[in-house]
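Quick heads-up: structures coming right below.
After this come two complexes, each holding chain A, first together with chain B and then together with chain C.
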Partner chain A sequence: MNLRGGWALIQRTWLSWLQHRSFFFLLAFGWMVPPLIYLFVWSTAAGAGTAGGLRRGEFVAYYLVLILVNQLTYSQTNWTVGDTIRHGGMNTLLLRPLSPIFDALASELAGKVVYMAFVLPVTAGLALILRPELQVTLQGGLAFVPTLAMAWALRFFWGYALALLAFWATRADALLAVQDALIFLLAGQVAPIRLLPAPLHQVAVILPFRYMLGFPVEVLTGQLETDGLPTGLALQLGWLLVALVLFSMLWRAGVRRYAAVGG
Partner chain B sequence: MLEPQIVVRGLSKTYRVPERNPGVGAALRSLIQRSYRSVEAVRDVSFNVAAGEVVGFIGPNGAGKTTTLKMLSGLLHPTAGEVVVMGEVPWERRPAYLRRISMVLGNKSQMLWDIPPLDSFRLLGEIYSVPPAQFRETLDELVALLELAPLLSKPVRTLSLGERMKCELVAGLLHRPAVLFLDEPTLGLDVSTQGRLRRFLGAYNRRNDVTMILTSHYMADVVALCPRVILIHHGILLYDGELDGLAHTLAPFKLIRVGLSSASQCALDLPGGVELLQRTNGSLALRVARELAPRITAQLLNTLPVVDLSVEDPPIEAVIDQIYQGDGDQEARL
Partner chain C sequence: MHYLRLIRSFIDVAFQNALAYRINFWVSLLHSILDLGTGILALMVLFSQVEAIRGWTLPATLALLGTYLLLGALRRLFIGPSLEALAGMDGEIWVGTFDFTLLRPVNVQFLASVRTWQPLAVLDLLLGAVVLLTASLRLGRALALVQVLYFIVTLLAAVAILYALLLAFSALVFWSPGLLFTWLFNALFQMARYPVGLYPGWLRLVLTWVVPVGVMTTVPAQALAGGLSLGMLLGSLGLAGGLFCGASLLFRTGLRRYASASS
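== the complex of A and B ==
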């Protein structure tokens, strides 16, 4: 493992990204818009009372945390892996004594810093205006950090594995669009998971998408049922392992195929 | 001869490429059922290269040059045959191997687009774990040889094609590779930049004893840099030897240029085996088989009012062109 090279790559990618702050600020703004819309929809629905058992201020808290978690877990590099493979950029990466996964990780880290520079002040401003109701328990606060880290890892490796299908099919990124749609529906964006109607709720709890986004938000805002945390953690960890196995299998098979058919 | 540094034995590569006819109907059919066709890009190629040698790979587009280079650098797995470079099998892509080679692709960039070259160079130094002192020394040497100092702090996207290519060379040489693969390093560059890069590569090879394999469509690159050429056509190795010998082996003819005194209008009675290439007022250009050249020269001197006569080898470009155009004939002849 070439950690020295990996760290240098992260620093250099960050430098390169800082050249385009405004572009990334606009992207980050685009990603904020859907959760913001649902924030307003649900706070209006709750009005002075409740909707689905949640008060207006609780919806505001839920969606503001979701905006932050969404920025932190969204893996924009997944969209560029396919292009790198299709346009032959993988040749340059494979010639280096450093695994190409470092390039994706470097962009991820560089991206998070740049996006947060935009999203944190905006969310803080919104919090001042919209007055969220957020009571973080000790358990919720402690569990938030690992669930957030695993949500990022799950979303990143799951998406990367899908993107690697570009080794076989030229436009595998269509699957990433499907993944984004499923996250929109089943990961707590359109509504908090517990407000989904019964069959959809069960599906959302079992599938991996909630564990990429909604789960850490529920943990922090205290929306889980009593046994929700251990079950959720087990499912999140399980899906993360599935994603890692899927990624490493597709990576090895993909490079073998690339070497067989040429880039 | 020294122990070869690169050994290639019976190397073959067959691609399976999807195929469909033009048009909407064919496109729809290919959604259901794809048809494939096998393309033999490289067929049973064998050669050795000694340490410090500079070898030119020549051949028309699609001849299999780049495919061979990709197999030597470990990007492609061959269908058959073996390659050993410095004791390593390239496509195992072990970091120890990747640290000792470099491949510079004329149409691909290793530079990060938005930051100055110096930042990319430092990054590559880290990726290849070059010790800092050696890094500075190598960078200084390369920057001096390529006159790159004024460009080091400009973002790469503002550089010209020639300036970028110089940066690519620096990027490829920073870790002091023992073997350098160059795929079309002078692609798209103007004549004087081409010349400068050529002189640099020649000097670099002499100073550091680096083995170089280079593909190029510019014969000037090959003439200037490569005492030895390997000609590949349709994936088959047609010629491996000195550049000078290429014409002897593959284009066994000479060009005879004749200046005539007053005979511009006189009837030409050319001996058999002579091909008239050009006739202008007072001069002839003829192509004859190499072994017939002395006899025909004598005949011309006897029969025509010759004031001037020269016998030349055909220019290397013409030889190459004849081979490229000749398609399958060459294979039959060899």
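== the complex of A and C ==
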């Protein structure tokens, strides 16, 4: 592992991304809108009472945290790595004396810095207008950090593994579209997981998508069921291991199979 | 007549282009079905928790979703791709090939608005129509002819508003070529998925008067659900006419600023 080279790459990418901030601000705004819509819809639904057992302020808190977590865990490698492979850009990356994973990590870090520069002030402004009700317990606050880190890692490696399918199929768009739909429905965007109707709820708890986004939000806002934390952590860790194994298998098999296209 | 003939040949070319990528048809169908499925499931989740929100019941909101899908399909059919080719990423103004478009012996606004078609969007058009039909059956009472007439008129007004807004956002590119205004519109357009009345007051004002995205779907859905006053009908017609003239004026003013780009 060439760590010094990796860090230099991260710095370079970060600086070059900051130059194009208006473009990335626009992207960040686009990703913010869907959760924002559901924030408004659910808080109107709750009105002065409750909807599905949650008050208006609790919905606001849930969705504002979700917007931040979504931005922090969003995996762009889903799209960019696939394109790099398809257009032959992988050639240059493979020739470097450091693993191409550093490239993905560099754009991840650069992206997170630039996106947060936009999302943090906007969310803070919204919090001032919409008055969320957020009571963080010590346990919730402590558990939030590792669950968030694992959510990021899970989404990153899962997305990277899917993108690596580009080694075999020239277009994996259909698969990515299905994954986007599943994240929308089952990761806690359309509604907090516990408000989903029965069969959908069980599916959401088992599949990995909740652990990429909704789970850390539930941990921080204290919306888990009583024994939800240990089970959730176990499932999250399990899915993270699956994603890591999947990623390394696909990477090894893919690079061996890779015959450069174009230049 | 000349203009209609031009449109026909644009469609012909687009159709032949689409035929070249046959697998794309299935991917596109999958996208459409996923979009529809997530939209409907989102409504079912919401209405499994509440009976009605601010007077909007499930069938009425479904009618609104149908209108949204229909408008989205029309946008994808030709308005979106045409204007994206002008003002989007790597669009003509960005790279400077707009010069060739200006040289053609046709009205520039006409050419810029109808030249690129996406025939596969017809699928979305059909799905949207099915949703609308289902919704109007579920609204319970027999639809009066007047209601259907009102719906068609307000839907046409909505299409005009959609076109005018996209044209205006695209025309802004003449002032600031680096910004992707059409992407900004895409993000805002998603808000039309839900009735404008569900948003908090300040946002409702923005979505009605500043960027009237909310009016586009709320008014036709209200016409179908039977809650439309004559004033609103005339209002949306007036808005459509006013916006169309305003956007055309903006486009023409912008056009005069265009000073070509070279690379």
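Basically, the second predicted complex is superposed on the first by the 256 of 263 C-alpha atoms of A that agree within 3 Å, B and C clash if a C-alpha of one lies under 4 Å from a C-alpha of the other, contacts with A are read in each partner's own complex, and residues count from 1 in each chain.
Following the convention adopted for this analysis, a residue touches a chain if its C-beta (ideal position, glycine included) is under 8 Å from a C-beta of that chain, and two chains touch if they have at least 3 such contacts.
Please read all numbers here as calculations on a predicted model, not as lab measurements.
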Chain B and chain C placed together on chain A: clash or fit? fit
Note to self: Going by the contact rule set out at the top, does A:P199 touch chain B (first), chain C (second), both, or neither?
What the structure shows: neither
Between chain B (first) and chain C (second), which does A:V178 come into contact with in this model arrangement: first, second, both, or neither? second
Q: Could you tell me if A:A45 is touching chain B, chain C, both of them or neither one (first, second, both, neither)?
A: second
Rounded in steps of 10, the angle in degrees at the Cα centre of chain A between chain B and chain C is 90
So, A:F29: does it touch chain B (first), chain C (second), both, or neither? second
Output check: A:A191 vs chain B and chain C. Expected answer is one of first, second, both, neither. What do you get? second
Superposition result for chain B with chain C: lowest C-alpha separation, Å, rounded to 6
So the chain A residues that chain B and chain C both touch are none
Residue positions on chain A within touch of chain C in the complex are 22-23, 26-27, 29-30, 32-34, 37, 40-42, 44-45, 51-52, 129-130, 171, 173-174, 177-178, 180-181, 184-185, 190-191, 195-197, 200
Listed in rising order, the residues of chain A that touch chain B in the complex are 2, 4-5, 7-9, 11-13, 15-16, 19-20, 88-89, 91-92, 94-98, 256, 259-263
As the complex stands, chain B meets chain A at residues 15-16, 67, 70, 73-77, 91, 93, 95-96, 98-99, 102-103, 105, 108-110, 112-115, 119-120, 122-123, 126-129, 155
Note: in the complex, chain C contacts chain A through residues 23, 26-27, 30-31, 34, 37-38, 41-42, 44-46, 48-50, 53-54, 178-180, 183-184, 186-188, 190-191, 193-194, 198-200, 202-203
